[in-house]
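Residue numbering begins at 1 within each chain, and the chains themselves are lettered A, B, C, D and E in the order written.
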Amino acid sequence: MAVKIVETAEFDLKKPTLIEGLPGLGLVGMIAATYLVDKLKMEQVGYIVSDKFPPIAAIHDNIPLHPARIYKSKKYNVVVLLSEFIIPLNVVYPLSSAILDWAISKKVGRIISLGGIVIHGEQDEVYGIASTPELVKELNGHGIKTIKEGATTGVNGVLLADCASRDFPAISLLAEAKENYMDPKGAALVIEALKRIMKLDIDTTDLVKESAVLEKRMTDVMDKAKAASKHYKAAEETNPMYG
Amino acid sequence: MAVKIVETAEFDLKKPTLIEGLPGLGLVGMIAATYLVDKLKMEQVGYIVSDKFPPIAAIHDNIPLHPARIYKSKKYNVVVLLSEFIIPLNVVYPLSSAILDWAISKKVGRIISLGGIVIHGEQDEVYGIASTPELVKELNGHGIKTIKEGATTGVNGVLLADCASRDFPAISLLAEAKENYMDPKGAALVIEALKRIMKLDIDTTDLVKESAVLEKRMTDVMDKAKAASKHYKAAEETNPMYG
Amino acid sequence: MAVKIVETAEFDLKKPTLIEGLPGLGLVGMIAATYLVDKLKMEQVGYIVSDKFPPIAAIHDNIPLHPARIYKSKKYNVVVLLSEFIIPLNVVYPLSSAILDWAISKKVGRIISLGGIVIHGEQDEVYGIASTPELVKELNGHGIKTIKEGATTGVNGVLLADCASRDFPAISLLAEAKENYMDPKGAALVIEALKRIMKLDIDTTDLVKESAVLEKRMTDVMDKAKAASKHYKAAEETNPMYG
Amino acid sequence: MAVKIVETAEFDLKKPTLIEGLPGLGLVGMIAATYLVDKLKMEQVGYIVSDKFPPIAAIHDNIPLHPARIYKSKKYNVVVLLSEFIIPLNVVYPLSSAILDWAISKKVGRIISLGGIVIHGEQDEVYGIASTPELVKELNGHGIKTIKEGATTGVNGVLLADCASRDFPAISLLAEAKENYMDPKGAALVIEALKRIMKLDIDTTDLVKESAVLEKRMTDVMDKAKAASKHYKAAEETNPMYG
Amino acid sequence: MAVKIVETAEFDLKKPTLIEGLPGLGLVGMIAATYLVDKLKMEQVGYIVSDKFPPIAAIHDNIPLHPARIYKSKKYNVVVLLSEFIIPLNVVYPLSSAILDWAISKKVGRIISLGGIVIHGEQDEVYGIASTPELVKELNGHGIKTIKEGATTGVNGVLLADCASRDFPAISLLAEAKENYMDPKGAALVIEALKRIMKLDIDTTDLVKESAVLEKRMTDVMDKAKAASKHYKAAEETNPMYG
């Protein structure tokens, strides 16, 4: 089992938009996706497992959850795929394939990935990349600058190249973000860009206001995970059974 | 063979509770499970093997035993799964799956994992996590605080997330425990919490009283294992055949 | 999936020449192949994927692309296979086999690999290696010195030995080039040598003139890739989920 | 091929005892097994191969031999399995399974493993472990102390636990021995203990007397192996083909 | 594909002798085998590939060649198998099996491996090992001392043990040789010993006379391979695509 997508509820959407929010620069994708799930009151429809993922369960609202999950909103015809841990390098290819295959099997209309990009000057810009010339025009029409020359890495990058090769409509939105820590402003920027492309009844002023609460909750999860993980390793080293 | 559960005796229980005690913080789970097996005079019904496990046989009462074993008590309608070594990281996923698949095939009623958690203030609390909202209420009803936000790792964590996804009733009881050595007080705490949830005729005052004997026996096993393991490695290095 | 060649457009050529330009000394092969694709206005017909390749998408002219791609020119009856990243050592054998198998299945007439070789004296020479004695004569007839004794490594080397064993016509052209950075002069030299062997309407004076632009564009891609890659690794290390 | 047992002669014994002598503490098992093979004039009936074994051939009496071999004595209804190199850790599980499966398929009556254990006080004791309570009694009846609590590692340990689980009669005899070098006295002790359990016409006073010759012969093999192995590694590092 | 022997010409020999010359101490086997191929004007009939081999093509007489090759001489009814690189440790077992299986399928009469051994006193001796007592006598009859007790490693060693187990006639000839560099005198010694065993019209005085030329040619190959390999690794490290 490299990567397996497990569905736990009925998938009754027609050509929905699949929004993908994986942690990356400033954890922008993950924060934005989590915020969408909360504010749009989305319902979990599945999760993703892999023996290459860290062996963690997140606990939210008293319930243990797989840290990579899929949610739906029938009202907005939207699916959100998020992960609470950084995708290990050796899972990037199988996960990208698994996501695209699943999206095609579910007749997803388009994929929009959310992420961060290094800041140039002020932190006020969101850049786009698209898998087809039509989508590039669409992005430009919404006032979103597209990246003409460059490179993009990770699940987003490989997925975009796959989509471009298969003529599958896919967009990547990258907000300028601060490295190495949680950047709710980047997440707000990327959601605002998303709202130019599709209808979503969501207020990002909350995101920045609530960022202290959000950060506490996320840091809480991460710290517990870190401590547990640390203990795990220490125990492996000191337990005499391991000699 | 990643992980294989081998049955060595008839499994004639109906919807039993499966108690899982793997070593973790303070070795709480392992100590508590071993104590249950002894005091409830349970009978071995199987063992678990994996080529990723350390190549050790424990010797108890003159008999060599696989260090990961399964016991039953018909009287209490209980099954105990324990391991005398820390589960290596690369076995966490396959072992979690193997345990849940086996539990379902055996029509286990619920799974209760025992473990340790870092102490906050006094060492007097046992925290719970549960796979369904009903079980959260049940735990709270027994006066056991549940973890609302956080994360949990290892076999317990992955197993809990799997159970939550499949709506399988599972509970994790985590006693405050001291890191890096054997903590019989944590084991006593977790058994007391277990007794609030299910009927078990067992006195934990023995556990703390007998802790010197217990520690000697366990240390004895662990020291021999450590020495043998050390010798094994030294021999590999000094034996000229290995050049 | 070690290596997979995916075709995305019709392959309607008869016994075309397959030109292979992978990065090596001075990045000569990659620069020369890219220049050919641009100046001969070639059309993409496929790409190569492997889970051993770095997880990157190149972005050229607004479109995300797999970094190892195949192009055709019906006018010149030529196919170009290029990669924008160095082939990892553990993909050399499977990639070489995949290229030759694919070339044979597509009834390719001959394979010509472009690359660099360490400079002896002035940077003015292109050396050839060929898979058959007839091709050695042909190269010598065009005034191209062939390597009589020595060794050659990487995809080019393994592919040449495979072709020699199967009597498949293959040539390697190696321009003297500077190590460790982009050498457009080497790329110009190797294209000039190529023009002695086959008809190509292409002016390499452009290559050296445009080298500043070319370098900027390529450096741009590489720098972005490098930064992203760096961030990726840093995130893996600092993200608390990784403990 | 993890582990393969290859038979090279007819196996015409009925319920024989299988004696296993692998090198361990003091190389006791290997020395004792070699001595048995010599003195009882046993005949080779097979050998064991694995791509995880060191690539060595032993040369004895002018004949190259696989370093893990199986011998039989029809007269004593005994089979001896020995190895002249320490079993690598990652072969312990597959080798243990292979030995037990083969023993069962050959209708072996019981398995007796010979090995060493750290000295307590004088070097005069042999300890036993057995897979069934009846065998424990038998050992005690012969005046051999059994280990009541502890642990045992390696092929012997895993094999014993497997035998105990399957109710297959198996005994481990562990002589007090000196670490880190050849201990013929330990080997003599373990053979004397073996003679209490089964009839064997063998004099161990020879073993200690001949220990100088034995040591020379064994050291000779090991030194040559070590030198060759060293050269092998040095050549890998200095040979320019490896760059 | 661990190891594959590919035939490229008809194999029309009856019970030929297979001479194996792999690099080892003093590169004796490789030098001797190369000298035989040249002087006996042998014809290539195949090559050996493995994804564990270094990705190199040797270039001899303008032709790129796989570095592990097989040659035949109909006149002398002889097959030579040689490699221009040291066999990596993890290919020793599969290569030994592949050679013996191939030899049996081709109805090879006997296998003679050529190699080097550490010098004792003067460099004037060639030692033999044989797979059967008859061959030991034959060697002794030719005045070649056989190794009575010891060990031998690598492809030669494993192959000899396999041959002894299967009663396949095999000989190993080991000339005293200097470590860590090319030793043509050792190669001459081993060919002289070979000539005592089988009829070969070959003068080894040439070998020592031509040793300067030979060394230049071989060093040339090796240096180019080394430089290319070095560049390969440096490029991997400095190429920004690798970040």
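Note that a contact is a pair of C-beta atoms (placed from the backbone, for glycine too) under 8 Å apart; a residue touches a chain by one contact, two chains touch by 3 or more.
What you see is a predicted model; the values in this text were computed from it and never measured.
A.B. asks: Listed by label, which chains are in contact with chain B and with chain C?
C.D. replies: Where chain B and chain C share a partner, that partner set is A.
A.B. asks: Looking at chain A with chain B, do both copies bring the same residues to the contact (over half shared) or different ones?
C.D. replies: different
A.B. asks: Any idea how many Å lie between the Cα centroids of chain A and chain E?
C.D. replies: Chain centroid spacing, chain A to chain E, equals 57 Å.
A.B. asks: Nearest whole angstrom, what separates the Cα centre of chain D from the Cα centre of chain E?
C.D. replies: 35
A.B. asks: Would you mind listing the residues of chain C that make contact with two or more other chains?
C.D. replies: Touching at least two other chains: 54, 56, 67, 222, 225, 227-229, 232.
A.B. asks: Ring order from chain A, via chain B next?
C.D. replies: Result for the ring walk from chain A toward chain B: A, B, D, E, C.
A.B. asks: Can you name the residues of chain D that touch chain E in the complex?
C.D. replies: 6, 8, 47, 49, 51, 54-67, 217, 220-222, 224-225, 227-229, 231-232, 234-236, 238-243
A.B. asks: Which positions of chain D touch chain B when the two form their complex?
C.D. replies: Touching chain B: residues 23-25, 54, 56, 67, 84-86, 88-90, 92-94, 96, 118, 129-133, 136, 146-155, 157-158, 160-165, 179-180, 219, 222-223, 225-230, 232-233 of chain D.
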